[in-house]
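Sharing a structure here in structure tokens format.
A, B, C, D, E and F are the chain letters, set down in written order, and residue numbers restart from 1 in every chain.
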Amino acid sequence: MPMLTYALLLHAAPYSHQAALSALRFAETVVAGGHRLKTVFFYHDGVHNASALMSPPQDEVHLADGWKRLHEAHGAELLVCVAAGLRRGVLDTSEASRHGLAVHSVEPPFELTGVGQLVDAMLANDRLITFAP
Amino acid sequence: MLLHLLNRSPQSLSVYRELGEAFGADDHLLLIEDACYAALPSASAALEPFEGRVSVLAEDLASRGLAERVSPAIAVVDMNGFLSLTESHQRCVSWF
Amino acid sequence: MTTFSDMETVSDVETVPQDLLIVLRHPPHGSQWLREGLDVALVAAAFGQRVGLLFQGDGVYALLKGQQAGALGQKGTHPQIAMLEMYDIDTLWASETALAERGLSADDLMLPVVPLNAEAVAECFALHPHALIF
Amino acid sequence: MLLHLLNRSPQSLSVYRELGEAFGADDHLLLIEDACYAALPSASAALEPFEGRVSVLAEDLASRGLAERVSPAIAVVDMNGFLSLTESHQRCVSWF
Amino acid sequence: MTTFSDMETVSDVETVPQDLLIVLRHPPHGSQWLREGLDVALVAAAFGQRVGLLFQGDGVYALLKGQQAGALGQKGTHPQIAMLEMYDIDTLWASETALAERGLSADDLMLPVVPLNAEAVAECFALHPHALIF
Amino acid sequence: MPMLTYALLLHAAPYSHQAALSALRFAETVVAGGHRLKTVFFYHDGVHNASALMSPPQDEVHLADGWKRLHEAHGAELLVCVAAGLRRGVLDTSEASRHGLAVHSVEPPFELTGVGQLVDAMLANDRLITFAP
């Protein structure tokens, strides 16, 4: 099988629906299978997977850290929909200061972006796989 | 030739019906998460429109205690098999 | 009153397939799914993609006339539907079964749609290079 | 004498069935949010088990464009009517 | 093999109603609902409330034998089910319809349950001073 | 009608499901109707309604502020399940520092509490009304 590029679209909130785990598990399988995971787009309640504040019990998987590892080891870009994120309280330092907030919840390598990047990811990659609740 | 991903139990009948409308002659269906319950013989009616073109994810069967209960008409694939299905099908849509 | 049963059902997708198919399966107001699906459609169109919309199941309620803002002023999705034409999104398909089961006729809807039977819905999925389901 | 709150469209048939099991002779059902679609004549089958003991929330009907479409068998109540139903029923359970 | 159809269906709730009825309608693993419902049951029991559990719909799959940890080591709910007895939660009802439709017999389940027909399910709701649905 | 005390249980994420709006709308109706809203318990994805970071567009209702107003005007206690909140990144300064985080997402009048408080609220009030997605 020649190498393919993958994009993932995640709609599911962390720790509420298995889809959040399924997406991470599939992402790990993609890179283990010799393919390239280019983009993960977090939309709908999926934006909560980007929270730097999530503190699951130590015997449960830390979803945000799982995505970070995929970024560090394989360069996957982690894109959070800014419109979906803002209303849900998922925002980085720059959006926080723009909204007069002293606190933020998104840190690199997660990036806030527009829905246009989802369209780009769909067009630019060989596969787009969606995980939803 | 699409790969359809489905993650709802057959209790969500309307999803199965809408997927049924969309399912083409050369398409394939992969059951994951709670859709594993559709792989039980008691749920066979829900899968009739997709007969012979259905797989189910081994890992999600096992966690639910369903590994020994799958209907023989359904192929069991693991995560690598899931990946292979996405390799061999150019497009994948998800029903939820 | 024009009912869809009076109209000729389209058994193959006459309209040219578009670049991207957005499938809308959720009704307005109850959840954010419909809004976020329409957002993707509008953004993709603004980026120059030709977008087709397919309404299935409760998604056909998105087209119902007479919708308003919701609880505590929550914006509905009908303003987005009204904007579709401005974005050159004029390819609207709907599941014939979904319309019939809900007793909806052309007169009930904000915009004209092409009703598709099951075979044509499958064809619609098969012919589009990209599809996203909401 | 329970008040049952339901917020799913009749497409979610299994919720209606489970509610049907739980529904007592003196109970009442209030349809809110997407359950408003069950108040249409085309969905009457879903409400048969609850006949004559069903109300629907006016505000949620109006936003969906359903105000003029409600089946005559169903009482329309506004938010104050919703509150009154919770006053007159000691217990309220929610189906979703 | 003991099937529930061999057993006598309970047409009235023989077991004394408890202080709190927790209704479990979701299957394990797919969502957090089952876990959070069981958490409430265990905490209420620890606070001295007498708790009855009623399994409806896909909730009966919570009782299936042979469950394991899930995707990426996600803990299942079977350890919580196994703890019920320790918390003196031994009043377990299940919808007879839910079991029958899923082809489940007593041998398939981790714990014994009392199958209830629809009339008895309604009685179960009527007799409990408090009920929470998950 | 004599005055009744109400508790609400909210399971739904903000800006994803109408149930989050329905709960706030019902809460306002309860106090307008002369009853006492004693407790709102945020559980499951409902914990996200307590986020101090949510920044909805100005023409949309700000859900956390809506709950805060009900607290300020009518004394409703706003209880967030700590176990559900921690894993989802919904935590106050004290939990944040306990988990080594420099940022937090919950501020008073929202309080983190255990599930026992939900059981208490159910037993102590005349009515418990649940709003779920």
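The criterion applied here is as follows: a contact is a pair of C-beta atoms (placed from the backbone, for glycine too) under 8 Å apart; a residue touches a chain by one contact, two chains touch by 3 or more.
Nothing here was measured: the structure is a model prediction, and the numbers come from that model.
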Co-neighbours of chain D and chain C - touch as defined: B, F
Third chains touching both chain D and chain A: B, C, E, F
Of all other chains, the one whose Cα centre sits farthest from chain D: A
Result of counting contacting C-beta pairs for A-B and C-F, higher pair: A-B
Geometric centre distance via CA averages, chain C-chain B, whole Å: 26
Chain centre separation in whole Å, for chain E relative to chain B (CA means): 27
For chain C paired with chain E, centre-to-centre distance based on mean C-alpha positions, whole Å: 41
Residues of chain F engaged with two or more neighbouring chains: 15-16, 18, 22, 25, 44, 60, 84, 128, 130, 133
Residues of chain D touching at least two other chains: 7, 11, 14, 33-34, 59-60, 91, 93-94, 96
Chain C residues counted as touching two or more neighbouring chains: 29-32, 57-58, 70-71, 74, 130, 132-133
Interchain contacts (touch definition) - all pairs: A-B, A-C, A-E, A-F, B-C, B-D, B-E, C-D, C-F, D-E, D-F, E-F
Residues of chain E touching chain D in the complex: 23, 25, 56-58, 95, 97, 118, 121-126, 129-133
Chain D residues within the chain F interface of the complex: 5, 7, 32-34, 59-60, 79-80, 82-84, 86-87, 90-94, 96
In the complex, chain D residues that touch chain B: 11-14
Chain B-facing residues of chain A, complex: 1, 4, 6, 11, 18-19, 22, 25-26, 29-30, 33, 35, 126-133
Chain C to chain A touching residues, read off their complex: 20, 32-33, 36, 39-40, 43-44, 46-47, 49, 130, 132-133
